[in-house]
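My questions all concern the structure below.
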Amino acid sequence: MPLNRNQFVRFVNVHKAYDVNTLVVKDLNLDVANGEFLTLLGPSGSGKTTTLMMLAGFEEPTSGDIILDGRSINGIPAYKRGVGMVFQNYALFPHMTVGENLAFPLQARGMSRADQKTRILQALDMVKLSAFADRRPAQLSGGQQQRVALARALVFEPSLVLMDEPLGALDKQLRDHMQLEIKHLHQRIGVTVVYVTHDQTEALVMSDRVAVFNEGRIQQVAAPAEIYQNPQTDFVAQFIGENNRLEGRVAEISHNESTIVLKDGTTVRSGSVAGTTSGEKRILSVRPEAILVGSDAANLPNSFYGNVKEIVYLGDHVRLIIPFGGPEELSIKLTHRRAAAISVGDQVSFGWKPEECRALV
Amino acid sequence: MSTLDIVDDTTGVSLDRRALRRSLHRVGRRQRLLSLSLVAPLGAFTLVFFVIPILAFFVFSVANTEVPRGLPLTTEAIKEWQGDGLPPEGVFEALTSDLENAENRTAVIGAARRLNYDVAGFHGLMTKTVSGLSRGALEAGAPVESSPAPDGFSIFGNDTTPTESTTAKPQTPIERLTGIDARWSQERYWKAIERGTWPVTPLYLLTALDLRIGDEGSIERVSPDHRIYLTLIARTFGVSASVTLIALILGFPLALFIKRQPANRASLIMFLVLVPLWTSILVRTTAWLVLLQGEGLLNDLIVMLHLSETRLPLIHNRLGVLVAMVHICLPFMILPIYSVMKGIPPSYTRAAASLGAAPARVFFKVYLPLVFPGLAAGVLLVFIMCLGFYVTPALVGGPRDQMLSYFIAMAVNRDLNWGLASALSIILILIVALTLLVFKRFASATLAR
Amino acid sequence: MTTTPLERIAASAVASVAIMVLLFLIVPLVVAVPLSFNSEPYFSYPMPGFSLRWYGELFGNDIKGLEWRNAFLNSVFIGICASILATVLGTSASLGIARGDLPFKQALQAMMLSPLVIPVVVYATGVVYFFARISLIGTYSGLIIAHALLGTPYVLITVTASLSGFDRNLTKAGLSLGAPPWMVFRKIALPLIAPGVASGALFAFVTSWDEIIVTLFLAYPDQQTVPRRLWAGVNEQLSPVVIAASTILFVITLGLLVVVEVLRRRNIRLSGTI
């Protein structure tokens, strides 16, 4: 039994450097709850994979502690940690059959042949590959290999499973399907999962919580909806979903709103961010779908006029591109019906609620 | 105190670099030690049984121990000699004592052989002097253990018989020695002994370059009829270059041909290329003997077809050496060229053709530069292999076709001249090293271009 | 793709040169083979009759047959021992190099590969002096050590090549599944690099099997090997017995090559690609 349900895995002041000049992970403090699906999301080189490798035991932290189930695991070799792992290219043993691949962790634990057999069948059944035990990995499709890798990481019933971009090699359709399958599997067996990806959709679809990494630091840890609707930094707003960025300075602060002056003098009212002081440089963030057009926009506190520069057709919706706030442009998401009357060059009114807009660092 | 004093470098606060470096070092050290301990057995094996023997062998090229060992008293005494005129009498006396010392005979023979490398005829002079001295001693009534012509000198049996016996007993060592042979009154023999007492000698390296130390002490070329080694070096280089060129001319079309075959036939042809590679060099050389000798199959064919009235000399000459060496080297040329060709995607040449380049232009401007690394690797491999060839020239070449390796083996096995063998080896290794260096430069220059 | 007449001429020129070169490579190897079945001790066609007498001499119970068989056994014994030694040392070193964090990697690699470029006569001369000082001249150990040394670079090259195609994630996967490093090496890495190790071992064996120069320098007269007998046979009087022995060696070579080809195909099948 873990000491604290919310602290099944703990990173405490963890730093990681490969050489003296570059810290790959900077002062990482992160807790993972038991049974949680936590995703480490970030661009390549952000330190998310290094964090995962330290947890798996393939990298040692340069300083700080990693605690698993109440015990520090610094210096404990990977093979003694009992942590399951799914690799980017699956890392299935090519000279073994699917069954032998699954038997490998059980043999390493000295399990009897009969027990091995039951476990392997259960695991294969779980990923719907019962008929494939005697195939070689090379004889399977990408999606099937992916499921074998999952089954192999789960067959010895670890309490923690790590996944390093496991869907990266699949095509889009299969990826969408596997996202849900992994999510359901997690809900069914309740194992703790730490998942690494650079794909924001994947993170939003699958996770209980998302930790966004950039340049070795965690920018924000929160549930997917919170991350999307309430980004705490400019980077998070940019990285998750689509976003309009407007540079400006803080002019006025009231108890729950602040006024920002953009480069061309336009004033915008936005939701307040704690710790803001007057005169500070800030970046406004507005989602394209939060901007209303036409009569809907007329009575909003933030209401503007502009000329449509371009209309981009995107199948299920349409984008209007309107120059705004100086050098910048706004991208506005519209349904076909709403966009039908608008053509390039038209002057349109548009606007958004202050709470749909955040002034970020 | 679980954390280090590390601060984000982007915030401008300095991080504790020394502690970080120490910590990094500690993390990596165990891993590096494991890597090192995996490599260590082969590293030690190569060092002990390859590098050290070869380096120890190279020491022979300047080693100069024979004279001090064979003529210890003379070595000590000759230090007093300024080098003008004949050495003082004490040196003569010391030499007489050294040569009369029967217990040191093997070392004396060694010294005589060493001095003979420097001045031709010195061995004969020493032999004659030793037996002259012992005869003198016999006549004087003193018993001497060994026979007048001691064992070991007989292999150089030119001057073993003393020409005249001296009746009047000479009193001084100078008179005794010059009485046995007048050459002892010539400065050059004493100078050779003096050079033999140097801590190291340039003798062998000079000999390997057809040079010698003249009587005046300056370095000069040996007389034309003794010049063999520069020719030998040039020949080694020339034969290797010819074989490499021929192998390139023959190997490239074959590689190109294999590349254009369907996969199944290509692997069959590669099999045929590999069969000679894996067949013993001796087996292949035997086959060439059967084919090329005077009574051999090729001559049978030539006579049968009336291409020539007489049987042609096809072996034990340069032609035989070139043919057999090219046969051995060809697979080593074809393999790297073919493997590079296989790695070139056809899209490159297609792209060039689609841009309107004529086939010849595509070949020379696009394909050839792409294949170049393979050609360079093949040329380097074959050339370096050829430089060290021994077996094939020895079996199918004539006396004028032997290369450096042959002379190294001869110097050791027949002449027991380790110094010369070592000097020739150093020259051979230098040529190999120089070739590797030139190729490295050349390769990086082409890559840069 | 369409071809111009010029291209066709060029292609057929390449083809005809290539076929002639191929004949040059193969014909000398096989043309002497029938002569080993000649009933008379001559090296010319047409043969007066067919006979196995020269093979009879090789396998006979007189001195000559015994000598050949003794040489054969010596060659096999020295070759196998040298190959095992070279394979163990070379494989271990390749693993160390492949880990990527080896200190002095360049210098160590250059030293361990140097037997490839140093002319064998230079090595033989050096080693004869060195072995004389440590009493290894004329011993089997001396020959095995020297032969193994000449074979190690080949093992190093083939095993390093097969390791470069080895997915490092497989090792990590093995560890993450709870297998200790030794088990991961034995069950995962070793089976996957086995073809590279095997062909390295084969190269090392053939290097020893074919070695004549070091043997001439190091071996005592009673330590006969097959190359040494061939050397003597070629140097003295070429006899049909030597041709018969050559033929047998040639057939053994063909057999080994087939083994290599089978290994290569197996490797392709296992890795599933290319």
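As written, the chain order gives the labels A, B and C, with residue 1 at the start of each chain.
The definition used in the following text is that a residue touches a chain if its C-beta (ideal position, glycine included) is under 8 Å from a C-beta of that chain, and two chains touch if they have at least 3 such contacts.
Here the structure is a predicted model, which means the values were calculated and not measured.
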Pieces of the assembly without subunit C, by contact: one piece
Contact-richer chain pair [A-C vs B-C]: B-C
Centroid distance [mean C-alpha coordinates] between subunit B and subunit A, Å: 66
Between subunit A and subunit C, centroid-to-centroid distance (C-alpha), Å: 55
Subunit B and subunit C, separation of their C-alpha mean positions in angstrom: 25
Interface residues, subunit C side, partner subunit A - complex: 167, 169-170, 172-181, 183-184, 187-188, 191-192, 270-273
Sites on subunit B touched by subunit C in the complex: 28, 31-32, 34-43, 45-47, 49-58, 60, 250-251, 253-254, 256-258, 260, 269, 271-276, 278-291, 293, 295-297, 300, 327, 330-331, 359-360, 384, 387-388, 390-391, 395, 404-406, 408-409, 412-413, 418, 421-422, 425, 428-429, 432, 436
List of subunit A residues in touch with subunit C within their complex: 56-58, 77-85, 87-89, 91-95, 104-105, 107-109, 136-139, 152-153, 156, 162
Complex contacts: residues of subunit B adjacent to subunit A: 2-4, 6, 8-10, 15, 17, 20-21, 23-24, 27
Subunit C residues within the subunit B interface of the complex: 4, 6-7, 10-11, 14-15, 17-19, 21-22, 24-26, 28-29, 31-32, 35, 42-45, 88-90, 92-93, 95-97, 99-103, 108, 111-112, 114-115, 117-131, 145-146, 148-149, 152, 156, 206, 209-210, 212-213, 217, 226-227, 230-231, 233-235, 238, 242-243, 246, 249-250, 253-254, 256-257, 261
